[in-house]
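Order of writing sets the chain letters: A, B, C and D. Residues in each chain are counted from 1.
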């Protein structure tokens, strides 16, 4: 099926992304994976060519394009390049709207230019050791003290955790009120009482710096509150569909990519005198995966159109999130199998694709939490 | 997700269909199921209100709308009404294009008015006892004899087989040339040598007259050849995507319908003090089915748009066909289970929905044959 | 894998069953299916040759063999013969232990001879319109009144419901105590106030008389209480493993049977010039089914050994029940597909096998209830 | 279900294994994983306590017990200890029978004492870069030259490849005869022309030295031929069931282990105020996995009994291999998901279990090849 959502300007942007990644990311990827973190420099380079803050206003140095298709194109190309360490998706798709939509003019002036130039790498810290799915169960607190907020608590699994210059921290400002007592704060690198813990050793996404963060009487100016006091939960809810759509974009892109790599493999690898893809079991399997990837792409594109129209519902984002990420895992798993012993060797892209895919059904809200959301929308 | 393919005129047509079925089909359905065949009269009534030949030219009494959305609406409503005996889908979606696109002016004048009025019920006879998936393996022959063709052979599993006044029969005109020696013929009721066999007892679709046909030195005028001599296989290939799309329409409609019926059931049936739909396993299951049905609908609509634009590819039609019919079966099966013992009772709609769904992955090309087609399109 | 549980006496009994069924059941099956009930006579004939009450004491006319393997053999042969109307499994596997283990000498003398001769067909009535899975939620009551119990309530989905001469009825004797206030009663045909409702029209098991029962001030002698007053729930719990094992026996037998029929079909049916079973997709599918059926048989046999040793746990019976019945459904579904259009025709055994299989995951405790039981045994 | 195959001597042996692994393997495992290879010393220590060559004759230093249950116990304990680098299974389960059953007295005297003491680590080299599943397609050749055989070719994916002191090499001795022209050779460390290539970087099994081997005019004495000339293919076929059984043992042990670890996790990890295992979806999932692991264990034990009786068929070994390894992967995948974000962290055992499981459906014959074998046994 021809897909009709991308237009000329997106194709041009795609070329830009491709070229940038080929030059600035692919050659360093192995080294980044070994280091467990990308070079900070690549962020500034990305900012310079316009890969950060595509939908931030031009006056702050952004692209000024409120069109999620640009975000999607960038994520697709990062996935295709295998540059999984680049947390641009988190920065552009997840963090950006908090900074553009919930901030004061002062906050925008302080943070957005660096956001767009790559001088300010961002992260968002919701999860804690004892509370992931259950966001309302977090324990980090922020207590008002004169002109400051004092934060105490611990976060974990934070993408871009070490590189981040600005972290949006979710904390309880009124612990007695559960979800109604949560607020968001911008915490900058270097704030006393804010420290980083270990870099976590992961199954995949080797080049990304997923980290623990600690807040120990960490005092921040009162105007680093982002959005309304005690409305943090609702700010998060409002932005989660966009985060989930971003994950779905990565999922479909990864599935398409692995499938295409595997198709080539299945045509060239021979056993018993013919290409392994010609064995009917494998042919049918590839036909099945190709069908599901086509269908996922169609649905994803429809969701992107909805997002651009300001209509993407929480439920549809949840559907897109769980279904495409489960599919990505299925595709990766079946494609690894099609590679035989080679699929188990890290030098084969399918192996890394399989490793990276595994977290997708977990972060941004697990498949189980997505089904809760959808189930509730059905009145159950 | 809002679906944006239907417009005002389709909504109006939908009302017409709903109203017609409620009045003319639903009250008779039990009796038709017992009889194993619908009343011929309902065809004429359907013709009278414009449910037959929506895309046939107005000069032949048709609707003059080359817009598959009308076909889709009718099929959806037949499914929702549970009037599975009405072979209008076969008539409108499958047979119509042969009669409009491959016929001579004379043939059109002879057959199309009756086609649209309901006086001529149609069928298409490809399958034989020894050749279903393997169309090129049919044995029915048509031999030229002066101004006639003489047909010999047997067909089976023919939808509308008993009611049909006009059957498009697929026969070998040059058996030595395999797929290149196949032609199509219009055989009319009453032609000597053309007889009907048993009405077949089926698992579901109880009210439809699936039948065997026999051709025993059946002589038809030479101008009942439809399309080009020896090009029958290609004529069929050209029209199969539309047939498969029609089956996919029924599949998605059925899945939506059963799901909605079951959702209601799951909210009202209680066990252990609460609605069974509130048990998390069931809530997740319904969330999963709802997700997949939403995704199927999005893909189906995209295919309908492609079809209307004359662009629906053989591969996409195959994808839509197998995926939506397998989904329909999954939905029906899971929904039956959710009904507990009641799901096994014929008086519950879910039971019949389950029975009817089972043939969908078989006729119009089995799931396996669809995967062959898709696999081949991938170069495997 | 060779299976080593059956010994010479079971093989001999199997021959007896086969011969009986071929003579007394198979020739009547179509007629029974049309009637929706078997002929009462076949019960007496079965009793005469020793197919009823194999583990009832010889002094009551039974076989005197406390060996579930005989029960298993009989169920296997009924399944293989397609004589699904014969409710011997319910009688022998489910009802028998209540009558042999919970009864007084008087009750045994009254009921067991007829049980073994076939003069007393039995049923057990737990389920009600509003309470199936949730047995403790039943509403039928039994109130002590002098030397009688007076029953009021309604039962549904009762196997052998019309033929039954003796029904074990589950009723609340102390409604305030939930599961602790349930008792069992033997209600005989002809008791005033006991009537039968409709024979239910079902998806499959066409020849079995599943029925509704009504108790309207139905007065029975006080010594028709079976087991301890208010201990009915525990009596049921104690006997459900055996019921579930019986269902698992039928499931594995059915799966083996359909698979073997389909294997033959797949070898003889040709398409595209070769047996359809030779296409790799089908070969792999059959290999998969054959593997799972082998594994199911091994597990089932191990459970039968446990049952004979008096050790079959509630959890293992639940595991056997859900897993083998889900497998049976999968096998039936995949085998139907392998039959192509013929699979949808009732004259093909696979069609009926598919229809009959569908209830197996529902009665005797649904798959969901089995998972509850197992989950609880894991401490969840 | 109680499992009755292990007896007192196996329990004692299990304690020995447990104690050995806790002392000699577990403390070194991290370091071995980093190194990509275990310490050679651990082999000698294992030999010293009787963990190598349990079924080799006592006169050669072996255990003298032809009882595969000892092999199973050792593999189970290695899996439970997470000491996946220890290639004892390959040595004991796969290589041993070649050395005990196909060898001359001289060969036995030369190799078996070291085999049992741990001085001679072994490997078996079938796979080549261009031939894995298709063993008959290998290209390594062995040409007779006087009193020597001269080997040329390349092997890949060889377990214990670097440590191995003795490698059983599969080579073509009569390339014109396909499977009928294959022979086995014992190639010792240090033989000129025998070199090792890279240590391969793998998805899992990090501590095992999977390697490439090169044979470049590698000359070995003629009496290093193992078994009959040109009968190598049949020798392999005869021993593959035992290899596959060994893999199935590891699969079931791993599944049991991960499941039990995850059950504990699901009881202690809380979200939304209760243990995550108490959510019905998770409870049902764990019930499902527990059922399938129980069933797998029952089947595996039955296969071990068959193996000990000399009756394990090629088909049953294939069934056990594919089914248990696919199950292991399912269990690992679902259990990782149950761990949420922690499942993606390498410090959690479930993460490594997931990584290690992935190769199990590939080596020793892929799932697809197993289905070919089973399919053929069905006459397809």
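Assume contacts are C-beta pairs under 8 Å (C-beta built on N, C-alpha and C of every residue); 3 or more make two chains touch, one makes a residue touch a chain.
Here the structure is a predicted model, which is why all the values come from computation and not from measurement.
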item	value
Chain pair showing more contacts of the two, A-D and B-D	A-D
CA centroid of subunit B to CA centroid of subunit D, Å	53
Whole-Å separation of chain centres (CA-atom averages), subunit A against subunit B	44
Separation of subunit A from subunit D, taking each centre as the mean of its C-alpha atoms, in whole Å	39
Where subunit D touches two or more other chains at once, by residue number	279-282, 284, 368, 371
Topology of the chain contact graph, where touching chains are joined (line, ring, star, complete, other)	complete
Touching residues on subunit B, where the partner in the complex is subunit D	279-281, 284
Partner subunit B, residues of subunit A touching it in the complex	1-2, 263, 266-267, 275, 277-278, 280, 282-284, 286-288, 290-292, 294-296, 298-299, 302-303, 306, 311, 313, 316, 319, 322-323, 368, 370-372, 374-375, 378-380
Subunit C residues within the subunit B interface of the complex	127, 130-134, 137, 156-157, 200-204, 270-273, 279, 281-282, 329, 333, 336-337, 340-341, 343-347, 351, 354-355, 358-359, 361-363, 366-368, 371
